[in-house]
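The next part holds the structures, each set out as structure tokens.
Shared between the two complexes below is chain A, which pairs with chain B and chain C, respectively.
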Partner chain A sequence: MLTPTHADLVAIAPEIILTITAGLLLIVEAFLPGLRRHFSGLAMVGVLAAIWARLHFELPGAVWAGMMQIDELAAFVDIYILVAVIFTIAMAGPFLRRTETEVGEFYALILLATVGAMVMASSVNLLPIFLGLELLSIPLYVLNAFLRRSQVSVEAGLKYFVVGAVASAFLVYGIALLYGATASTDLAVIGSQVASSGQLNPLVAIGLAMIVGGLAFKLALVPCHAWAPDVYQGGPTPVTAFLAVVPKGAALIVLLRLADGMDLLHISPQWVAAAAGIAVASQTLGNIVAIVQSDVKRMLAYSGIAHMGYAMVAVIVAGADGGAAVLVYLVAYTLMNMGAFASIAMLSEREDRPHFINDLRGQGYKRPIVALALTTCLFSLAGVPPFIGFTAKFVVFRAAVNEGFVWLAVIGVVNSLVSAFYYLRVVYAMYMQPLPRREPKFQFSFQIATAAAVAALGVLILGIYPTPILEAAQTAILVLVR
Partner chain B sequence: MIITATHYLVLSLIIFCLGLVGVMVRRNFITVLMSLELMFNAVNLNLIAFSYRLDDLAGQVLAIFVITVAAAEAAIGLGLIIALVRLKDTVSLDEADVMRS
Partner chain C sequence: MDQHLLFLLTLSPTIFAILLLPIPKHWKRVHRVVTLIGSTVIFAVSTRLWTGFNPDNPAFQFVDQHQWIPQFGISIHVGLDGISLLLVLLTTLLLPVVVLAAWSLNIEHIKSLHITFLLLATGMMGTFVSLDLFLFYIFWEITLIPMYFIIGVWGGPRRIYAAVKFFIFTMVGSVLMLVAILYLGWFHHQQTGVWSYDYLDFLQTAPLLSVSGGWLAPGLLVFAAFALAFAIKVPIFPFHTWLPDAHVEAPTTGSVLLAGVLLKMGAYGFMRFNRALLPDAWDIFVPLILALAVIGIIYGALVAMVQPDVKKLVAYSSVSHMGFVMLGLAAGTQASTQGAVLQMVNHGLTTGALFLLVGMIYERTYTRLIADFGGLATVMPVYTGIFLVVTLGSIGLPGLNGFVGEFLILAGAWQNYPLAVVLAGLGIILGAVYMLWMVQRIFWGPLDNPKNEGLSDIRFRELMVVAPLLVLIVWIGIYPTTFLNPMEAAVRLLLAR
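Up next, the complex of A and B:
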């Protein structure tokens, strides 16, 4: 009988804190519904306590019988996820009050999904990776359908559910095949077996392809991207922000662990060809289809597809360079998207209607702070210096060039140029076009405006002075690569 | 004929593909849920066949976790059906498609 040790429990203190907070929220919701106004504060305290726990306790390395690896990499990803959750909760409070759906379940589900993402990112065994993925996905199915009187929201939940469940089935089928081929679910054992054999045998190759397929659904990479626009458009905006950032981060880390553990770059030219194809297709399709979108959230969905294409380039490169580039890209992607979605959460009239770019006409002068925050984030998403989006793309493309993938870097740069067009179209509408005759009524919310402004400031400051992030990413990735 | 683990693997692949086709072509959400269940149970069959062939218990442990997760997903799926029925009075996925632009 395996009993957890003291070190095991301390290592997952942040996860425990979040789970307890989630349970507490559900109990308070059931017995003291009068306290609903304070729920977002309570959830925020839980997240801050989790961050404190992750920074305070020392990182023990392998725990839970070697199933989880709590080290600098796990700490980096955990803190990035928790910061994203802070933004989500800050957005959610006023948003839920406006849609009259402020209940404890919302925050409890967000926190449980966070635990799932954190487990997934710090696991080095396929079993907890699968469980983490499910703990992340199942609350998100509910959250997408949270506005249950709104047809688009229920529809988003349904679509995400069907696609997500199929993706999970693919992933776990792939896990079964890898287990059958290597008699182990431990990534290190699988990795060393595959890397030492010097090639992928058919069973491993099919298993790996199915796992990558399952993760590609979460990452919304071509050809598994079709759900993204509808789910982004229909889901409640804070949930969309969470969905755009947290599952993708966790999935990218798992992909990185797999690619690096098996040394796929050197043993399997097929993997490089397939992954490069996926990366290029995602960038190109995402950027081109984004041009014709009239809904801001749909546009950001296609932009997210393209951005994961860029991140995929870093996953292909893997190793110290590529790994650090993935982490930097995740931080940049998080800040930019959180800022953009916070701005959109405020610049929206009704949740069940599309968020047309045309509705933003003239808002640059009407709502200067939020419009400026949105502009900063969009410039950064387009990869314009000095914002962090530029730094992140630079790090990714530099890693690609150093490893000899000049053509991938060139395609990426060309795609960034194309993407500038549709991002700047929104900026153009906000600053260069007059207010429409029927002026949309956007409710001002101090909390959301602050969230947007903080994200935009982060985008600017870390863009000018990226050293802390670059150094943290490099230290974190050293524990992964041999 | 002796039934070996390989036969189970082929059977599991067939069931998985049937489930996948069901998810893709069926428009009734309840049938889609059943097809998803087929896919997950194909995985379980696979895991147990491997566990038998490798003489290793980890596969069976994994199968028990997959059963649990599949149950949770089915519960969420049924909840979503209820939300859809209350809103549109239908279980057809085609009715839930207003966003397609």
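Up next, the complex of A and C:
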């Protein structure tokens, strides 16, 4: 029986704070439902306290008998996840009030999913990684179906559940195989065994393939991407924003830990070929299919598939350069998506109907701030300077070129060119086409507009001055590659 | 002050754009006045670059460097040599001109128009002064967004198509340039062990890239990636198809900046990067560039000849004129290169003036079809005179600016490439044909369209708009030394590499 030490508990203080907040929300919901208006504030306080705790307490390194590694990397990922959650909660409040679904469970589930993602990203043992993944996924099944009266939302929840269950099965089976091959679930032990053997034996290769497959579902990488458009389109927009960012971040970190620990780049040309194939296929399919979408959220789903393809390039390169590139890309991806989804959460009339790009016509002058925020985020997603999306692509492709993958960089930049085409469609609908005859009624929300504007400002400022993010990412990744 | 002058000057339009933000959008006059004052001040300050510039020094002057992304060896590094000096001044000169030209336009979103203008100005100037390739790339790409909006929001009926085409075409070229820049950075690290994307560092290592070993030699691929970006921007035949669409749909002010400055960014890139960084690959590519330049000269002229729309005619004439610039660069002698740089300025002045003049008549008649005009000389004598001077400048009448540039290019190219010169000379003749024919159909003959009878002649404000360009057109024609002098040393250094 493992008895937690004081250091163990302090190390997961943010997770504990979030769990307590979630429990508190459920209790208040049960006994004082009149306070519902303040739930988002309460959840926000919990998240801010968690950020404070992560920044305030010393980073102890290995805790919980070496199962978790609370170091600079964990801190970087935790804070990035928590910032994403702040955006989610900020847009959730007005959104839930508008759709008359504001209850405490929503925030409680978001916070529990957050804990899951944080555990997943800071664990160095396959068992807590799996626990984290489940804790992350189960609340999301519910959250996607949160708009009970909307068929598409229920459908989204069900789809995500079925796909998620399959992904979990893959992951568990992969873990079992790796355990069988190496007699350990510890990533460091597995990594050093595999790396020193200099090759992937069949058992390890199959186990790894299953784990990557399971994670690929969460990342919506080709060929495990098919759920993404329907789930993105159907789920409540704040949940979609969360779903687009947080699980993908956690899954990428796990993938990076695996790839880097086993030194896959150098010992396994099969891995490089397979991963590069996945990256190229995700980019190409995501971008090309996005062109024909008429629904903004579906379009962003395909764009997300493509973006994870770019991030995969950095995972392949791994090491100090590639690892830092993964982290920078995550930060960029989070800000751009949060800004975009916040804008869409506001520029939406009814949740059970599609979010047509055509409905955005003329909004550039009707809702200047939100439209400008959305435009900024879309240009950034397309990789146009001076926004952070460009900086992130620069860092990723720089890592690829430096490691000799010039061709991956070429495919990547050509893909971002293709992507410009569909991002521009939204921009020109907003600015260059007149308002439609039947003007959609978009409810203005100061809170959502602020969230969108803050995200867009972040996209601009960190795009012009990316040095702090780069520095933090490089420090964080040093603990992994040391 | 001189120490940070260049960087501050580059940023200053953005600062003015930020100043415009809090002003309410229905105060249209305030926006116009602030932008006009701002751009005039920027031009006035930029003359300090001219007076403070030492023409005998071929190195970069007004150099300014600030730390930016030290992890990758990227810094904010700007500087000016004789070539960029002229282009920066051309940019700052055209700024107040276009602002004044848009003065009376009765269009929507005046505030946004002025903000996009100013942001575009920062991008254009930054492109010409950057000495770090990361910085250069950012400025280069930044110009896309404002221009996309200028064409797409304030343009003609097919504006969305033109705007998207402009954006996508330009981006096609530049994304591969990004990979080339990354590759050069990696190569620099291989050679020296230091991470850098600085132009002056690349000058040392990039020429070492191998160009032998077939078409996949790294030097040639890097050259091709840069060349594609610049060829689309110039535009060199056959990459020119975005240009007529963009020009015809863009509002007058957009066309002026597009022709006056944005196209120069391409030719400038060829000199600054392809020629200076990759001289060996340049030598291999010269025949191709020459051929495309000559094709562009003749093709542009032939297509211009049959255009029914004045603006489209001027747009195709740009293809022809930029062909001369590329011919001068490819010929690679001191005279032809200096001629090419001067011709860039000339083209900015004359084509800019032509677009302004076409815009004035469009504001009066809402048509640009040559067939709708005829005999305008009787109702608009002063306008006709100015139009004629600019036309003659454009087709290279001795005593006006076009002649000097074209003469230098052709004379300089003669010793090495006589055939190209002969063919280009044909282009000059064709140029005279289509321009004069257009003038004849618009201004001479009977005034047969009754709608044109009441047209007013050029107004004082409009005269002020074209006056600075006219002065320079004559000045360069009579005494080009003023402008050839400062770039001589820089061109000599460029060709010595």
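By definition in this document, the second predicted complex is superposed on the first by the 481 of 482 C-alpha atoms of A that agree within 3 Å, B and C clash if a C-alpha of one lies under 4 Å from a C-alpha of the other, contacts with A are read in each partner's own complex, and residues count from 1 in each chain.
Note that a residue touches a chain if its C-beta (ideal position, glycine included) is under 8 Å from a C-beta of that chain, and two chains touch if they have at least 3 such contacts.
Just so it is clear, the structure is predicted and the values come from calculations on it, not from any experiment.
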item	value
Residues of chain A touched, compared between chain B and chain C (which is higher)	B
Touched partner set for A:V406, first chain B, second chain C, both or neither	second
Which of chain B and chain C A:L424 touches, first, second, both or neither	second
Contacts of A:K366 with chain B and chain C, given as first, second, both or neither	neither
First, second, both or neither for A:R97, with chain B first and chain C second	neither
A:A145 touches, of chain B and chain C: first, second, both or neither?	first
In the complex with chain C, residue positions of chain A that touch it	365, 379, 384-386, 390, 394, 397-398, 401-402, 406, 409-410, 413-414, 416-417, 420-421, 424, 428, 431-433, 465-467, 470-471, 474
In the complex, chain B residues that touch chain A	9, 16, 19-20, 23, 29, 32, 36, 39-40, 42-43, 46-47, 49-50, 53-54, 56, 58-59, 61-62, 65-66, 69, 72-73, 76-77, 79-80, 83-84, 86-88, 93, 96-101
In the complex, chain C residues that touch chain A	68-72, 109, 134, 137-138, 141-142, 144-145, 148-149, 152-153, 159-160, 163-164, 167-168, 171-172, 175-176, 178-179, 182-183, 185-186, 189
Residue ranges of chain A touching chain B (in the complex, touch as defined)	126-127, 130-131, 134, 138, 141-142, 145, 148-149, 151-152, 154-158, 161-162, 165-166, 168-169, 172-173, 175-177, 179-180, 183-185, 229-230, 233-234, 295, 298
